[in-house]
Amino acid sequence: MHIKNTWYVAAEPGEVTGGRLVARTILNEPVVIGRTESGKLMALQDRCPHRFMPLSLGRMIGEHLRCAYHGACFDAGGACVTVPGQDLPPQNARVRSYPLVERHGYIWIWMGDPALSADLGSIPGFLFRSDHPEWDGGYGHFESIQAGFRLINDNLIDVTHAEFVHPESFGCEQLRQYRNPVPGDEFVAGRMTYTSGAREITYRMRSLAVSEDAPFYRWMVTQGLKRDSFPQPIDFDMQVDWAAPSFTSFVLNARPAGVPVELGFKVCNMHAVTPESETSSHYFYRSVKDFGDADLTTRFMAGVGAIFSQDQPLLEAQQLRVGAQDLFEQRPISFAGDMLQLKARRMLKDLEEAESAPAR
Amino acid sequence: MHIKNTWYVAAEPGEVTGGRLVARTILNEPVVIGRTESGKLMALQDRCPHRFMPLSLGRMIGEHLRCAYHGACFDAGGACVTVPGQDLPPQNARVRSYPLVERHGYIWIWMGDPALSADLGSIPGFLFRSDHPEWDGGYGHFESIQAGFRLINDNLIDVTHAEFVHPESFGCEQLRQYRNPVPGDEFVAGRMTYTSGAREITYRMRSLAVSEDAPFYRWMVTQGLKRDSFPQPIDFDMQVDWAAPSFTSFVLNARPAGVPVELGFKVCNMHAVTPESETSSHYFYRSVKDFGDADLTTRFMAGVGAIFSQDQPLLEAQQLRVGAQDLFEQRPISFAGDMLQLKARRMLKDLEEAESAPAR
Amino acid sequence: MHIKNTWYVAAEPGEVTGGRLVARTILNEPVVIGRTESGKLMALQDRCPHRFMPLSLGRMIGEHLRCAYHGACFDAGGACVTVPGQDLPPQNARVRSYPLVERHGYIWIWMGDPALSADLGSIPGFLFRSDHPEWDGGYGHFESIQAGFRLINDNLIDVTHAEFVHPESFGCEQLRQYRNPVPGDEFVAGRMTYTSGAREITYRMRSLAVSEDAPFYRWMVTQGLKRDSFPQPIDFDMQVDWAAPSFTSFVLNARPAGVPVELGFKVCNMHAVTPESETSSHYFYRSVKDFGDADLTTRFMAGVGAIFSQDQPLLEAQQLRVGAQDLFEQRPISFAGDMLQLKARRMLKDLEEAESAPAR
């Protein structure tokens, strides 16, 4: 089941420039997304009401999207405005249109009841970090990961997998000590603290004087200091913000041991997962940092893309074993480190139930 | 639903020469088609009754088709005539055979009740054009287009898509004025006239003094006159004959403006669609012309093949959106230009119903 | 339906050396097979009980298999023994483990009731031939043939297909005369004799003074004698042992005509088919011979691999036509030469029924 009355990332802004159209299935519905000549965003059901041709095979002509097959034109609201060779289009010729907004650099879509779309509250504020003018980075996405968004959520909320899946970057043995989070909103050395709300969770961790481990944090210090290497101990902090249904931000702060946290080098990795179907997802990420030049940015984006892509084969293999039924209906064993992940799953269940409640 | 008691194109004649066998699923039934050493055509269910091996993996030996697995041989009527190592084959060892005829250059098959196959009336006479000794051309086919035959029919009956799908060849803005056909059997400038019977439709269109549009018609005049270009106005006529379930012939006549139609250069494109399954089709075409030499014929066939292949990705994308249910059960919007297409759909429905009526 | 309470070949021994893991679906169950550092074999359900990640993506660490995702470790009995970052694993954290044994060079698995696995009687004794110290050869397998094990059984029990499928090797017209087997346990020239038990069949055939046919037998004599060719008549014997559910051994003996059988050159091809699903199979083979040097062995293994691979496309084409329903529920015609094949099918049916009987 999908949560429909919430905003999802539909596209990167660069995907719809120059008249380009994006065809993307979102919550099982085929959608075409584009920008008109005057700059207005448009998202329509990707099926012409005439003969069911995907509108994404057509072309943006001025303010209208023209079907590739018989040239019928549709406006941003989904109304058919012209049919070549006839005076007026049929009155009932229209397709569903979807509300769109631009926030934090992404194009967001509302797949649920349009009457409820005015509330932008479901777009998590913590993604503001990607707007910071002094942070530099880029976008990336995986078009269709064959794993449901819940499995990807589980993966992102869970730092303990990094030791095994990303041993040469994010993974380090220090993460093990964070398997037993305690309530709190401070950074405490060697502990994980967390806070949570109705649809969000934040947790924080701090490791001090790490001498040989934590490769990615060490890389941050080395690059931030413009050194060739930095073998001395480092301190690092991580803050993870998660919001339902599927947004996660990681702020990493790394510095030479003993240096105040305010002087640390920072990276922010933001992840937005948009369900394609029950068992497949679009995975958008944005990574920014506050150090290094444009050349480093290029290498940085290649690097994070490579790290994130380590999860894809695992997630897809996991989905194959999970099958069509939800994982948690199949009685998996849970570990101590799964506490926040289970909390997030419960929030999703509450949101689903609220949405399907008859009283609404 | 398929119409079974009618003749379909099963193969081009050149496909079964030299002992070659054609394996083709027709109306959901796997069929093997071949020609015996003496030249007799044979179409059998493509499944040996012994261990269900496809007979198309076997080989034509004299007058018999020999199974690849255990060497059992079948005659053109489907009877098993020999089993290696045993005196007589089992009495009930036979496979279904299908009536075949050769007409207008094609091998035709009857998938329905064999008792009704003597009536060749469902092979449309208008395909005689491919037999004309002074017209030169060739064959082509698309083996398995992932679109049902009704969608391909819709496409062929509908000239208005050419402006958008084939803008550099058949497409031209002149075709728009023909969206409102009127009854009649004459060529009338700037109008489309049509006539129809129980299972066929013919329509005609004439455009005079076309100055810059209609690229394919202009190409016909240029090539017919053996010029490098012909920028002056041209006149052109098109006559389209359609017959249920899935045959269409286009006769194009193009000439310099003012030249009598009898002196025009002519092209005939014939299309025969054979259902593979409810949502896939074999698409045969034959194109001939009455001008140019053999070298032009080669280029002409490459050109028409390229134009026809522009439809395939659209038809397949459309079929994906239509899905398993018939398009017209899903309440599409129709345009004025769809009138003849809808008439053809109704004829197909009548034929289907007549065939499934209990009284028959 | 599969027979579960019987031993199947799970892997070649060389597949699990050096810490390598084999992921293989057997009787529809995904299994991971490996060998611990101390040499102990391990077969577990290929699904971590925590988040359902395939354990085959993990790694053997000492005596334990470690999950790729969160590092949980499992012992050969399927118990979760450590979870990183927590003192004790959850008590119910375990996966199913499967009994394994090594016999005749293969790793065998028991997919049924473990309580019944002590009886090794279902591992056919006739495979001892692969243990013979003076016979030299090798292993091969086809990972996932898209054909059910019954169709492969039919193929292996049936020598008459060789004339048509392997005409340049095993096939020869002499095999035809063996289509009518008679009871008996002797080799009789020009006849096929057979004996059978509750779950096994043996048949024998002898051809004398074959002058130009039987290419593989002739190759054996040529190679055994270290000649370039041997055009004179040869004698040959074949003994085929089959045991339910899916084991077949062919012992071939070829010699110059008139030479005593004891002096013949011998080849033994052993085939073990392990069901993957109802319609797909793992096909293991082992071939050995008692003549020639190591270089000949290499060529011999390449040759038999090429011959066995001639059956795969036929078996897969056959399975496509047979579909999901069992072949024999679809009333195929049988030939005289199918007698032993039908006998084997009946034995399988009896075993299935015994296994599913309520009294057990």
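Per-chain numbering from 1; labels A, B and C assigned in written order.
We adopt the following convention: contacts are C-beta pairs under 8 Å (C-beta built on N, C-alpha and C of every residue); 3 or more make two chains touch, one makes a residue touch a chain.
Nothing here was measured: the structure is a model prediction, and the numbers come from that model.
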item	value
Separation of chain C from chain A in steps, with touching chains one step apart	1
Copy pair chain A, chain B: interface residue numbering same or different (half cut)	different
Approximate Å spacing (C-alpha centroids) for the pair chain A, chain B	49
Interface hub residues of chain A, defined as touching at least two other chains	none
List of chain B residues in touch with chain A within their complex	151, 154, 158, 160-161, 163-165, 176-180, 313-314, 317-318, 320-322, 327, 330, 332-337
Chain C-facing residues of chain B, complex	30, 46-47, 49-54, 57, 66-72, 80, 83-86, 89-90, 92-93
